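Okay, so chain A shows up in both of these, paired with chain B first and chain C after.
Our next item is the complex of A and B:
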């Protein structure tokens, strides 16, 4: 221990000075944080407004739909992850596996517990339990897909929609039962990000392929689109969408703000995704395409079976980074489109009678930041793991 | 260049006649911008014939065989493969590529697929063969190139020689009428060259039509029905291995052989 300290922190005078200065700053910072979180911070503003933070003014009698949607989404994600091919890393023993899970998901679990404690209701604990059941069920179903001979035979085009159906159906059902104006809080940010991610992915792929197309019209259209979108600030696009979407669709429809947000996020992220994927495609040696051609594969099949699978794997971190960025940028939509999203909630509640003029904006915004940070951090960590796993067999 | 040399390249070995030709090139010209890679090539390959193409680097050997399956588009002349002329029509190109297998210098296996999937991919996707049948075919082919135990590995886990043999099996899976080899052993460590050459020799003995671009003169002498010597985008001299290696007529051939033998 002492030896380690000497070797790494106090090797020379300069090392010692650096260690003391930066160590001091770090300790001071940690102390300030602890003091704020546990002593001076007044978290009752979060506790009282927890429901507003999470779902806005969503009607109480429909809350079960949101709970059920979360369970279905958890099931979906777990089923996809559980069905992924095994990596080459050695199988862990039970104890090691628990440590592994805690390291990977401990943070999000801790946040969930925190939310349940703050909500102070049995109902939320029940939902947390059900989400846990959803995850386990998804895992089991995913495993079956990997190990069961009969289920393996199902083509992906049937299987993937099958495991996604409950989630998608419940989200749509929620939409039908409530009106979008009732949606709010973190729910809006989460759904906007989730839907945009799902929609922008295929669009981004098509744009990337289009930009590399040998057909000039397609290439020019895709390139123009990508460069236009990438050159404009997201905030401006969101503001524009608030008024200008009517140019493109009949004014009788008059889309909701959430819809406008999703449209902009999808179109915006697709342009960035296209460039990321194009980067990945450019990294594929031309010999791969030649080998495909020599075997008589069509251009579509060369793309879908040879170049894209390789390109997408090599750009997983950048892709997920883009998705994380999209997720966080949903807070901009609150301001630009007058949505009652988590950010707006965070600001509005400080003006409630009980908390007015007490400077509680810090507590409020820190809580919002925490929600985003935990989800983003877990996504980023999992993407690194995914990258390693899918790297099997690649050079 | 004398006229007789051109007719030489279209005259096939043995008693093959013009209608036995499976690949015919007439007056083929290929340019890369200002550089003329192939100058008026007339060339034919007969059924079950093994033609070895040799020559210094930059002489157009690879371009010649890459024109046959349209990896390069020729600028003038005509190329006929198995009775079908190569045109710009995509369907037509696809048809010809189905009938021609190609093995590359750098293997070009698909790194994200297992050995078995590498081989069964084209039969399934192009010929519409059911999965089980394609996999059985793939295992048979792996048996033929003597690495049946590697079926479930990924290309990166194999040695260079094994990878190239998988590449040969992958081409054979399409049951091609002609196999094109583009310097198949040039990227290999010396101790692995023979295992690949053995696989190619075995194919030759089974009657596969092949065009092989190589620097392995011993192999050419042993396997070739005809050896074509190319330099500066032209076919300089054609003959049986004995004729070409033992009594080359053209000064350029003599010089080249003196350098490498």
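Our next item is the complex of A and C:
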């Protein structure tokens, strides 16, 4: 213990001084945080407005749809993750595995428990349990895909949509059942990010391939698109979609703000994704492509069977990073398109009659920050883990 | 004719790859132009229907809004507003880039410190800030910190009587007089310090003694600024509270302060990660060689590791600079008068939306291109010349 202290905190005089100064700052900061969270903070503003924060003015009688969609999405994600090939690390025993899961996903779980406690209803506890069941079911199905010889025979192009079907169907059903104007809160941010991620993926791939194409015309078109989008701030593009989109489409169509947001996010992220994938494609030795040509494969087959699988795998961490930043950027849509997203909720509720002029902006914005932080942090940690597992950057 | 000649003969044109390639490209081009033409046609009909001008004539109209804290008034033309917005955007970008580089480098080095506490604090800083939305940071700085926590002007904080901090903005001590002359003095000081540094380095190389070039350079620049300023009989001013505002010193708008702090926090956390990764990417043998030469830890970092790390980090950091410049458009959400805010206001005041936003986008594009040109220039200078 003392040896550890001497090694890590008090190596020399200067080291000791730094330790004391920074230790003082850290202690002070921890103290005011604890004081704020447990003593001075008035969290009833979050408790009262929890539903606004999470789903906005979504109709109460349709809430089961959102719960069911969450279960289906959890199932989908767990099935994809559970079906990933085994890493090189040794298999853990049950106890160790639980510790591992707590370390990786404990924060998400803690946030879920916090939300359930804040909502103060049995129903939310039930939904949390169902989401847990969805995760376990997803893992089991993913395992089956990996270990069962018969299911393995199914090509990915059939299997992947199969496990995604419940989630997509429920999301579309929710869209049809409710009016988009009633959507709000974190739900909007989450769904906008999710839908844009799914939509931008094929577009990004095509752009990346197009930028490396041997057809000069296609190369120029793709490069122009990518560079134009990357030179423009997302916020201005969103404003443009809010104010000026009417000028570019026939007057009979008037898309909803959520659709405008999704369109801009998709087109925007596709350009960045294309650059990431292009980086991955450039990292593939040309011998791979030449070998494909020597086997007499067509360009489509070379791309879909040889280059793209390798390129996509090597840039998974960068892709996840891009998706995290898309998720965080969905807050911009709230301001630019006047959506009732979670940031807007956080600002508006401090002007409610019960809380007006009491200076509760700290509480509400910190709660919003917590929602984003937990999701982004867990995702970025997972991507680092994946990076290690895939051996990216280790030669 | 020999039977072989039919092999070398050209295939039918609909089976000729060279021909098909061009057909395919022309087809793609036609689709792209078709979409563009469709959009353009829609634009024409919509514009005619609502009788909105499509040219840039609106730039000469009076802007009919004011920018507080400047001589920009109701009758100034819209073009002047755009110029002002461009200046403010550039101001945020330059100040933000300078500070986020400094903070980011320090934090990035601190994350690799041997001191457990420093390492943990730096990691906490990066991990907390990096995973928050930038808009949340900006809103938090503006609504919570500046507008709510900073005191009213009547009881402003005045640490050491040098600063005035209130919810009407910050005021710092600043020089008084011509900025141009200060710039000239600054340029002269840099030239002199460069010469002195060269001489000092040469002396150090010749005698084998320690080089003090860096210290000399800093002393010369500071001394030149101070003495030159005094000799020319200029002075500086301290800010003080004057009724409902502050007088003297350099006044910062509260929105400018909030925007800069949020942007620097956010960008520096990304820069810190890049710097950390680049330091780790420097070959281990380099650090060991420095240890073997008995360089002090500070020297090792400054002379051996950092120059090589920055060579690796430069492209990624350049990307962060571009992001910072583009992210400064979020200043519009807290009413800082930068380019996007100006565009938004003029469109709200009746300027046509499409030309105004197109102009804005092209200015951002130009800034981005200029920044990447500068970054590429430094990149080439820093890059190793290999064989």
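We adopt the following convention: the second predicted complex is superposed on the first by the 385 of 395 C-alpha atoms of A that agree within 3 Å, B and C clash if a C-alpha of one lies under 4 Å from a C-alpha of the other, contacts with A are read in each partner's own complex, and residues count from 1 in each chain.
The criterion applied here is as follows: a contact is a pair of C-beta atoms (placed from the backbone, for glycine too) under 8 Å apart; a residue touches a chain by one contact, two chains touch by 3 or more.
A quick note: this is a predicted structure, and the numbers were derived from the prediction, not measured.
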item: First, second, both or neither for A:139, with chain B first and chain C second; value: neither
item: Partner with the higher number of touched chain A residues, chain C or chain B; value: C
item: Partner chain in contact with A:288 - chain B first, chain C second, else both or neither; value: first
item: Touching partner for A:306 - first (chain B), second (chain C), both, neither; value: first
item: Which of chain B and chain C A:389 touches, first, second, both or neither; value: neither
item: Touched partner set for A:297, first chain B, second chain C, both or neither; value: first
item: First (chain B), second (chain C), both or neither touched by A:235; value: second
item: Which superposed partner A:104 touches (first chain B, second chain C, both, neither); value: neither
item: Contacts on chain A seen with chain B and repeated with chain C across the two complexes; value: none
item: Contacting residues of chain A [partner chain B, same complex]; value: 285, 287-288, 290-291, 293-298, 301, 305-306, 309-310, 313, 392-395
item: Contacting residues of chain C [partner chain A, same complex]; value: 21, 24-26, 28-29, 32, 39, 42-43, 45-47, 49, 52, 114-118, 121, 127-128, 130-136, 139-140, 143-144, 148, 326-327, 329-330, 332-333, 340, 343-344, 347, 353-354, 357, 360-361, 364-365, 368-369
item: In the complex with chain A, residue positions of chain B that touch it; value: 69-71, 94, 97-98, 100-102, 104, 106, 108-112, 114, 121-122, 125-126, 153-157, 167, 170-171, 174
item: Chain A residues touching chain C - in the complex, by the definition given at the top; value: 8-9, 11, 15, 18-19, 22-23, 25-26, 215-218, 221, 228, 230-237, 239-240, 243-244, 246-251, 324, 328-329, 331-332, 335, 343, 346-347, 359, 361-362, 365, 368-369, 372-373, 376-377, 380
